[in-house]
Amino acid sequence: MKIGFVGLGRMGQGMARRLLDAGHELNVFDIVAEHAQRLAAAGATAVASIAELAHEREVVVSMLVEDRALRDVTLGEGGLRDSLPKGTIHLVMGTHGIATIRELEARHAEAGQTLVAAPVLGRPDLAASGQLGIVPGGPEDAIERVMPLLERLGRRIFRAGPKPESAAAIKLANNAVLGCAMVAMAEGFSLVRKYGVDPQVFQDVMTEGLFAAPAYKIYGQKMVDRSFDEVGSPISVGLKDAKLIAEAAILANVPMPSHNVYLDRLLGAVAHGDADRDQAVLGREQARAAGLE
Amino acid sequence: MKIGFVGLGRMGQGMARRLLDAGHELNVFDIVAEHAQRLAAAGATAVASIAELAHEREVVVSMLVEDRALRDVTLGEGGLRDSLPKGTIHLVMGTHGIATIRELEARHAEAGQTLVAAPVLGRPDLAASGQLGIVPGGPEDAIERVMPLLERLGRRIFRAGPKPESAAAIKLANNAVLGCAMVAMAEGFSLVRKYGVDPQVFQDVMTEGLFAAPAYKIYGQKMVDRSFDEVGSPISVGLKDAKLIAEAAILANVPMPSHNVYLDRLLGAVAHGDADRDQAVLGREQARAAGLE
Amino acid sequence: MKIGFVGLGRMGQGMARRLLDAGHELNVFDIVAEHAQRLAAAGATAVASIAELAHEREVVVSMLVEDRALRDVTLGEGGLRDSLPKGTIHLVMGTHGIATIRELEARHAEAGQTLVAAPVLGRPDLAASGQLGIVPGGPEDAIERVMPLLERLGRRIFRAGPKPESAAAIKLANNAVLGCAMVAMAEGFSLVRKYGVDPQVFQDVMTEGLFAAPAYKIYGQKMVDRSFDEVGSPISVGLKDAKLIAEAAILANVPMPSHNVYLDRLLGAVAHGDADRDQAVLGREQARAAGLE
Amino acid sequence: MKIGFVGLGRMGQGMARRLLDAGHELNVFDIVAEHAQRLAAAGATAVASIAELAHEREVVVSMLVEDRALRDVTLGEGGLRDSLPKGTIHLVMGTHGIATIRELEARHAEAGQTLVAAPVLGRPDLAASGQLGIVPGGPEDAIERVMPLLERLGRRIFRAGPKPESAAAIKLANNAVLGCAMVAMAEGFSLVRKYGVDPQVFQDVMTEGLFAAPAYKIYGQKMVDRSFDEVGSPISVGLKDAKLIAEAAILANVPMPSHNVYLDRLLGAVAHGDADRDQAVLGREQARAAGLE
C-alpha cells in the first residue's frame, strides 16, 4: 500500500519500520531529519514536507505526541487536509484530545477524507515487534481498509466503534486508570512506611495477588527502588495526557475525582522540580505530602 | 499443637478445617453455634465460651470481621486476656485497625501473652485450599512458633516485621489500593460511556495489558455485567475497612486523597441503597455522579 | 475621552452608560444590535464593526463573557489589534483566562498597543451605580491613563501590579474561593439535614458570625429556599470560570483540590440537567450525592 | 439556680464567671486545680470530684475539649450519670462527636437524667462577655429550663430541635465550612502568588465584598502576615474537630469531599511540624504543595 508516515520518534520509528518491512511503499517525514533518514536507509522515501508526504498516498499515519503538532500537520498550510486526495484516510495513532479529534475529523470530512483514530497501547519495544494493542475508532469501511496495517503493528485490535472520539476516549480513560493506580500505590507506600514497613514487602504483597500486573509491578518497584531517573514515561508526558483527560471529562460532564488527585500530584511533582523524572516519582511526591521526605 | 480458633465464618471455617486436617487439636467457638458444630463433626471440640476455648492452648487464632468483636473476645470478662496462659500467642488473622491492634498488643503483653497480627489475602476458596497470602507481624520468636500454622494456611508468607501494627498497615494499605482501583475503573467506564463506547471493549483494553490482574478482571467485569447482586465483598465490608484505613491515615498523618474518593463513593453507595451489593456497584455510583443512571 | 466600548450585556450596559453620563465620547458595539441602540439613544455612537469602534479612540473597553469572543474581537480580521492606533489601550474588563490574556497582551504589544486587564467584582446593579470593585493590572502609566474611567466605574480600585495576568489571576482566585464556599456550605447543609436540622437554622448560625458576608448570605439562603430558578449566576457561567481557574492552576503548577471539588460538582449539576439554574443548585447536587434528593 | 460547672479552661472560665456573677450558686471542678481556685475566689465552691460537683445540682454544665474527657466525666465511676439526681440536666456545651452525644444521651436517659447539647460559637472574649452564639438541642422542656443560663451566656440562641445530636451536627458543620474556607483561601493565595500578586492585594479584594466576614478577614490576614505563631485555634484542635466531622459524615453517609481536603491539609501540616501553630498555617501547607516554600 502507498503509505505516508509522519512522527518518527521512539514509537513511530519502530512502527514505520514494520510497515516498510512488510513491503509497503513509505513516504516518511519528521521534524528531526535524522529520524527520517534512518528509515530512508531502510528503503523509505524521506520527504521534505507534509504536502510531499501526502502525494498519491492511500493512507497517512501520524504518530505525534502533541495535539498542537497534529493540528499543524493536519490543518496547517499544505497540511494533510490540503494535500491528501479525496477518499484517503488519515490514521491518527497518537494519544490526542477529544476536541482535537472532533475538529480534525470534521475538517477532513469537508475535504472528502476520513479520519480514523487508532491510539496504541505499549512501549517502543512492543511497537518495534508488532506487539502493540491498538484501538481503532472510525467508519467501519475505513477501518477495514487500514486493518492490514493495524494487524501488522499490533498483537490485538480492540474495535472502539464508528466514532474516532470513542477510540480517543478509551486511550485517555486507560491512562487515567493508570495514573490513579500510581497515586494509589504511592498512598499505600507512604502509609505503610509510617508503620515501620519495608516498602519492598508491601510491593511483594501488592503484586502477589490482586495486582499482579505490569502497572503495579513496574511502577511499584520503581517507587521502592527510587529509580526515578530511569525514565520510561516522564511526569511531563503524564501531565500532557492528564490535561487531555481532564478536558475530556469536562466536555462530557463526568466528575473524575480520582483523576483529579492524579493531576494534582503531577502538578506538585512539577512544582517540586520533578517534571523530567519518571512518573514513579509520584511516590516521592506523595511521601512529601506526608512529611516523609 | 493445641489450638483455639474463634471466628468460623466464611474464611475461618476453611482455615480451621485445614488446621484440623493437619492433625492439630482444635477448640473452636463461634457466636453462631452451627458454625462450630460443623467443625466438631470433623473432629474439633466445640466449646461454649472464650474461657473454655483458651483452656490449655498454646495458640488461639481469631478470624473476626469487626474490631468490636475482637475487642470483646480479647478484653471482655473471661476473654482471651483473662483466660490464656502466660507465654501463649493470640494470632489475630482478621483485618483490624491500628488502634485496636496496638491496644490489644499492650494488654496481652501486660498478661505475659503475645499478640501476632497475621492478616490474610484471599477469598474463602483460597482459605479452604491453603492458598492464602499471609502477612505476619510480631516478635520474631513468636512468628517462628506459629509459622507451621501459617504455612499450612498460606501459599506465601510476607514478613511485615517485629510490630503487629506493621502487618495491619500492610493489609489496610492493600485494601486501599484495591478500593482506589475500583473507583478509578469506575471513572474510566463512565468517561468512555459518554463517548459511545461499549463498556466491554474498555474492559478488554484495560485488562489486556497494564491491568491484567484479578483486581481489574474481577471488578471491572462485574461493572460491565452489572452483576452487583452476586456479592463477593459487599459495600458494607468495604466501608468497614475504609474507615480503618482512614483512621490509620489520620493516626500517622498521611494525607490519602485517592482513598478519600473511595470512601466517599462507598458512602454514596450506602446512601443510595447499595450497602449490601458487591463493591463493584461503585461503578454504578460513579455513573450516578455523572448523570448516567 | 474618546472611548470605544464592546460588550453591552448586563454588566457592560451599565458601565458604558456611566462613562457616557460622565461626558465621555463613546463608540459602542455589541453583536446584539439592540444593546447598542439603547446606548445610542442616550448619546453614544452605535457602530457596525470593531474597526469602526476603534476609529480614533484612545481607549477601547471590552466587557465580554467568553475568551473566544475576546479573541475574535481582538485578533480577528479588522479587530482591535488591526484597527487601534499605536499608543492606545485595550482595557479588558471581563473575566478571562491567563493564556488568553498573555497572548493578547503580546499581540497588542507587537502593534504598539497596550493591554490593561481590569476585571470587576460586582453584579449589574453595582455596575450601573459605579460601585464595582476593579482590579487593574498592567503597565503603571497605562493604568494612570485609564484611572479616571476606573474611578467612574468603581468604588474601590485594587492595583494588581504591572502584569495584566496578575489581575486575571486575582479575579479567578476570588471566583475559586466563592465556588469552594458554595460547595462547603452545601456539604454543611447535607450533613445537618441528616441529623434532623431545619436548614434555615444552619443558615442562621452560619451567617450570624464567622460567615456574615454576602457569599454565604446570598447563596446559603438560596440553598435553603431552593430558589434555584431565580438565576443570578448560572451553573454554566460558573463552569466557564472554573475551567479558566483549572487552566490557570495547571499553567502555574498549583494543586487546588478544593477547587477540583467545586468543578466536579458543577459537572455533576450539568449532567443532572441544572446547567441553566443558579449556582446555588450546587446545594442540591451535593444533596444528591448524599442520597437526599 | 444550683449549678455545677466542669471544664474551666479558656472558654469555661468566662462562662462560669458570668453565671456566678448573675447570682447562681456554683460548684466548680477542673483537673487543673488553679482553674477552679480562681472561680472559688469569686464566690464559687471548688469541689474535689465529679460526685461532689453533682451534689444537689439542678444542672451541670460541661465545657470540655475532648470527647474522652466528656465520657470520663459522665460515665466514669462516680461520674455525672452515677451522681446526678433524677430529673436533672447535663448541659453539654463543648464541641463533641455525634456518637458520643448519642451514647451519653442514652445513658443519662437510663438514669432519668436529660442531656442537652448546646455547643457555642465564639472565642474566649465573647464567652467572658456573654456574647456567644449558642445552639441548644434537646427536649423542649429541658431547653426551657436552661434557657435563663443560655441567655446569660449568649447573645443569640439558635434552636437546633429536640435532638441533642442536631445541635452537635450544626456545630460540626459550621466548623467544616470554616475549615473549607481556610483551605480555599490558601489555594487562592498560592494561585495568585504564582502570577506575581502581592498577597495583601488578594486579601483586600477578597474581604472587600463577597467575603467581608471574620472567617476571611482573620484567617486570610494571618496567612498574609504569616503570623502562624500567634495561635488562636491551633492545627491540633482543628484536627480534633475535623475527625469528629469525618465521623459524623460517615455515620450519616454524607460524602464531604471539600472537608476531606481540609482534613488532608491538617494532616499534612502536622506531618510538617505545624501541629501547634494557628490553623492559618494551612496557607503555608498549601503553598508547600505548590512548591512555594
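Going by the order they are written in, the chains are A, B, C and D; count residues from 1 in each one.
As a convention for this text, contacts are C-beta pairs under 8 Å (C-beta built on N, C-alpha and C of every residue); 3 or more make two chains touch, one makes a residue touch a chain.
All figures in this text were calculated on a predicted structure; none of them were measured in a lab.
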Where chain A and chain D overlap in contact partners, by chain label: B, C
A-C, A-D or C-D - pair sharing over half of the A-B contact pairs: C-D
Of B-C and B-D, whichever chain pair has more C-beta contact pairs: B-D
Greatest separation from chain C - chain, by CA centre: B
Distance from the mean Cα position of chain D to that of chain B, given in whole angstrom: 37
Mean-CA-position distance for chain C and chain B (Å): 52
Set of chain A residues in contact with two or more other chains: 249, 253-257, 261, 264, 267-268, 270-271, 289-291
Chain C - residues contacting chain B, complex: 257, 264, 267-268, 270-273, 289-292
Footprint of chain B on chain D - complex, ascending: 239, 243, 246, 249-250, 253-257, 260-261, 263-265, 267-268, 270-271
Partner chain A, residues of chain B touching it in the complex: 98, 121-122, 133, 135, 156, 158-161, 163, 165-166, 168-170, 172-174, 176-178, 180-181, 183-185, 187-192, 194-198, 201-202, 204-206, 208-216, 245, 248-249, 252-259, 261-262, 264, 289-291
